Amino acid sequence: MQKHQHIIGEDVRGCPIEVTSFHFIGSDRHAPKAYLQASMHGAELQGNAVIAALFSAFDQSQLLGDVIIVPHCNPIGGNHKVGEYTQGRFDPISGENWNRQYFYPGDGWIHDFAESHLKQDKIEIYQQFRQALLEQVSEQLETSWRLSRGRLMTHTLQQLAYQADYVLDLHTGSNAARYLYVPAYAEASAFYFHQEHVLLMDNIFGGALDEASFCPWWTLEQQLHQLGHDQASVPSVEAFTVELGSQEIIDNDRAQYEAQGILAYLSAKGVLPKDAYQPADLIRHVAKSSDFVTFHAPYGGLYEFVITPGDQVEQGQVFARCLRVMQYGQQPVSIDIHAPFSGQFVNQFDSAAVPKGAELAKFLKV
Amino acid sequence: MQKHQHIIGEDVRGCPIEVTSFHFIGSDRHAPKAYLQASMHGAELQGNAVIAALFSAFDQSQLLGDVIIVPHCNPIGGNHKVGEYTQGRFDPISGENWNRQYFYPGDGWIHDFAESHLKQDKIEIYQQFRQALLEQVSEQLETSWRLSRGRLMTHTLQQLAYQADYVLDLHTGSNAARYLYVPAYAEASAFYFHQEHVLLMDNIFGGALDEASFCPWWTLEQQLHQLGHDQASVPSVEAFTVELGSQEIIDNDRAQYEAQGILAYLSAKGVLPKDAYQPADLIRHVAKSSDFVTFHAPYGGLYEFVITPGDQVEQGQVFARCLRVMQYGQQPVSIDIHAPFSGQFVNQFDSAAVPKGAELAKFLKV
Amino acid sequence: MQKHQHIIGEDVRGCPIEVTSFHFIGSDRHAPKAYLQASMHGAELQGNAVIAALFSAFDQSQLLGDVIIVPHCNPIGGNHKVGEYTQGRFDPISGENWNRQYFYPGDGWIHDFAESHLKQDKIEIYQQFRQALLEQVSEQLETSWRLSRGRLMTHTLQQLAYQADYVLDLHTGSNAARYLYVPAYAEASAFYFHQEHVLLMDNIFGGALDEASFCPWWTLEQQLHQLGHDQASVPSVEAFTVELGSQEIIDNDRAQYEAQGILAYLSAKGVLPKDAYQPADLIRHVAKSSDFVTFHAPYGGLYEFVITPGDQVEQGQVFARCLRVMQYGQQPVSIDIHAPFSGQFVNQFDSAAVPKGAELAKFLKV
Amino acid sequence: MQKHQHIIGEDVRGCPIEVTSFHFIGSDRHAPKAYLQASMHGAELQGNAVIAALFSAFDQSQLLGDVIIVPHCNPIGGNHKVGEYTQGRFDPISGENWNRQYFYPGDGWIHDFAESHLKQDKIEIYQQFRQALLEQVSEQLETSWRLSRGRLMTHTLQQLAYQADYVLDLHTGSNAARYLYVPAYAEASAFYFHQEHVLLMDNIFGGALDEASFCPWWTLEQQLHQLGHDQASVPSVEAFTVELGSQEIIDNDRAQYEAQGILAYLSAKGVLPKDAYQPADLIRHVAKSSDFVTFHAPYGGLYEFVITPGDQVEQGQVFARCLRVMQYGQQPVSIDIHAPFSGQFVNQFDSAAVPKGAELAKFLKV
């Protein structure tokens, strides 16, 4: 294992802000490569516990392909504490979500690439496309005055992620069940992970690392197909956002279990020996990511939930109660909150004190 | 003058959060109407001083058209103090920019409206379109669990703004010159305002109030033109973001001057008697808003600017110096920062302590 | 029941910031009076659920003495959200802890009062002392430019609290057991409350409401004793900080149970009919508040606790593990954290992400 | 010059947080030593510009005594940005003012030291007292679980400051004139500095570095005097808080001027050759620090000041105007704010948006 330091920013003193990547070199240089990172959102900690579990596993396993891991990949967000908690979701200077600032080269650029490489074999195309993507990111980083602080960081990380065939971005929800964002073409891969809820994504770039990692390849394959390349298919590159439950906590036992899912995926893909790890037998609910619906608080007040993330909910069912003690003597002090549709309750706001309009709950609508 | 209260949210106790609109009734019910608001971004205070100046003017003038004014339109952002300063730019819960959450009905809806009203006269079309827009916003507010806290607020304000022909959203920059965002079709109107820098906008909706106010009408006119309506033209509705210098300060004398520009515009448009107010004679620099370029800090450090917002800058000119005293003994302690192109220096970061990648300066590139 | 509004501040617009007091009038005007408030620290929510339970109980009970209740007594702190959480512990402008800004008239003033009332009967002394205290607070509020925003609020609340014989300030810990701060002279009263851990306080004023409520009376009795008044005793006025578990959550069922303890206390004291409510039979651990010891994080890292607030801990016992995944390949990735003494584990930091030196845990040392 | 790194904390990843001290070695090992630091409060930046000016001066001067300098001494506070500004005044986790957490060994300990060293010569006493102080601080740092994050940092810095005879802590006000905190016994030294306002401090420890540096020596001398030591006098150790104008800005030219004052002081004291630098000829207003009075905002609103920090003010004079545009139609929109006494206006709140009770202004009452 080798450690490398990467400067992702400079603080107000002019001192470098660094992340560390841990490089595990596989025994088979033809085997595919993986990239994992954790805590782009600073309060989402569990990924680091999962990485610790992976480190232990790698100590005892024979890796075939290279694996690059960046724990605590956003030290700015991770260290922005306010009160006891971590406001690590968005840049406290600008409000920009840290995980919406990755680079995408643009459909036009990919089209041009496809057109100019049409006569080549897919293996060559993939090699050259990966190289071209890496050059694109490097170019971005060269004119740094064009880049926000978030982009400086994410683009630097992308230089590592773009070297990999399989990219796993470890996140958590607020107070949440485990779920997985999967590009629709890789739905089968979801069944290796230990995430009970699976969200299928289309080829739409919204700024996140998973999208930044799979959209270029997906668009490339689509362009190749349109242009008549006879090997056009689904991408062999895959990328996932792995949601590991709730923020602001770690659970080392659960991390073992969650790591098993990731190891099972890496085994299936040949980064680890096939069959070295098997996924657990669990029921997975698959839905389109467009059916992942936010329910904003219809009242300001103090909320107590009567269901737990991961539960099913029926339309009209009371899933929370809103306490408004100031209303005593005038209006009801407690208001039942009803589910507007049936589905799975996946995420809840992680404070009982909720102003009207905050993201009270997220449901997978069925 | 009448005052109305509007509930734009509920706090964590369940208590209403309110704004006040001040309604001035004009003497001519056929005269056009105006809407002004200030401080959607909580630290941008000067608009309220301008409103105080307008109130004084209205006390002494004969208004022809109705004017609705909402000072301190965002009490949530305005009261989110951290240290002495105001973090009022984005929702501290979600990071969402308060001024990117207005409602736009969508091109498709406007197309359908245009098609189904093709046979009508423009005056009728305008009346019915305004009514339809108001209904669209009301509909949004009915299913409040779909709306974020920012949308609850902005959509409520939009119910007022959509009643007006002329919409002025009073903002400021950080440490900034005075500038004005203008829809390209209303360029001539810019010459009434006392803003030295003018940014011409295209018909692209990005979530701000000015766009939310002019894009529907612009798109309507474009659709009418495409569909062959013989009265299709540029919209008579106009909307502006008026940038009144620097945030976190008020200057009551300057507010008088800035109010004169707004009064000159309202006079020219017939909300006030024609010629009641005249604009000042000043040079205005007009540019496309796409030429308004952000220069991110190329180094972390402490910055001192050697030019002042409003100044011209030549490509290669030193416009700031970055102090990095920690580098003493190793690297230069002071680094000159050069302009990457020629233009006008409009806005600077309002703290000398700047991490790499923060929005150090904004230039109007020429 | 009557509701009264109290202006505790003005926001940046000049609009009043108000709290509501709920006044329940007892049937016996000679019966003692009680005052309760909740959420001086904005994230400490459970007191409001307890108040809702008390409201229900009062609807069905015959109150003898008057009870004044202020839920959500600090709307500034309660609404200062950052990310999902509430930074309601200290003024975000100044850093001052909201619960350290109450008024104390000073030992000298109390001494003078005692000396000048020595010849009077205790009942008269109490009446006049209460009146004098109220006048002292009012006087403070008259020269408002001398008062911080926290003092404007706390002193206004104190005008209500000083009318009562029994003052209950409802708080919570971070992630905590239930505990109670009790002035040492009122130790017996602790056995009515449903708090398992009891901290005995000396006559030292540190700025909190309980101290502000009992210290003047305690000092008065001490002065009377020293000056030879023959009725000098312990104060009949009592005040408590009631810690209701963890912040950022409400639990309505538990609130019922916690309210029973408060009702048992009020019954015992004659605010409610004697024997109307009985305390639960539970073991209470009593200690001096000076034995309530903070254990600061000895390492920066991600912490998982292996014990739960309320648990006993032996000296040397591992009570938490600190994950430092960045150390992989150099130092241990997991460090056991040992208790430095035996006692009860009462409170833990409510985020797993802890920089070195933050308040990781609080123990009642035995 | 030598650079040393000092670990003052560990972040949530377990990574060290470091400051750098710059050590200049004087040519005369008997010459007195100086210690300077800047930016304990993160937004107070100008000290770093002054340090840059001192670095230049030292490059060209012959230092006699050693000088240790720590710029950016609080990287946690300095990098806690919210919006564009720096909330570096208090720990964002706990609210504790960073500059109130230094160590003081206690009067009792100093008394015991004095008593047990009574028979010694002052030079010996000083040597041993300094050594004993350093040991006291080291001891504190050994049981780190007792120390808050602020104490870990300040105590580490104190290990450097306690080596010096002259301690200068470089701060700024909010929007402020230049002023200087001076222990009363060192009043004469104030006349070297280029600070127009001088605040004389008593021997009271409130937690700041200047007090932590001079109080032990002052108490020692007082104890020696009381115990009859024939060399008891005023301390030869001196410490100052140097207030360098306004926060959030740097001014490199002004830093040159301010550095001259510091160099004049160091010359006068023999750290630099006598007469190497002379102070400027300026009028200094001397007052007791207890006459430094905070004027809290008597109204919530938007403030414009009509005087400038450094100005004289007469009792009853209007020094600011408070705009409350929401009151239009009911109450005056502008309220004059009158000075409650005569004096010098030294500091103003650095945002026009001020809630009632915030620290609007500070005056030196005469």
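In order of appearance the chains are A, B, C and D, and numbering begins at 1 in each one.
Operating definition for what follows: a contact is a pair of C-beta atoms (placed from the backbone, for glycine too) under 8 Å apart; a residue touches a chain by one contact, two chains touch by 3 or more.
Small disclaimer: the values here were computed from a predicted structure and weren't measured.
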| item | value |
| --- | --- |
| Interface copy of A-C among A-B, B-C or B-D, judged by whether over half of the contact pairs recur | B-D |
| Centre-to-centre distance between subunit D and subunit A (centres being mean Cα positions), rounded to whole Å | 46 |
| Computed distance of Cα centres, subunit D from subunit B, in Å | 42 |
| Chain centre separation in whole Å, for subunit D relative to subunit C (CA means) | 35 |
| Residues within subunit B bordering two or more other chains | 11-13, 15, 71-72, 78-79, 81-84, 86, 89, 93, 302, 325-326, 353, 355, 358 |
| Overall pattern in which the protein chains touch one another (line/ring/star/complete/other) | complete |
| Footprint of subunit B on subunit D - complex, ascending | 1, 3, 20, 22, 42-43, 45, 48-49, 51-52, 55, 71-72, 78-79, 81-89, 174, 248-252, 302-304, 321, 323, 325-326, 328-329, 333-334, 349-353, 355, 358 |
| Complex contacts: residues of subunit A adjacent to subunit B | 9-15, 89-91, 93-97, 144-152, 295-302, 322, 324-327, 340, 353-360 |
| Residue numbers on subunit B that touch subunit C, as the complex places them | 11-13, 15, 71-72, 75, 78-84, 86, 92-93 |
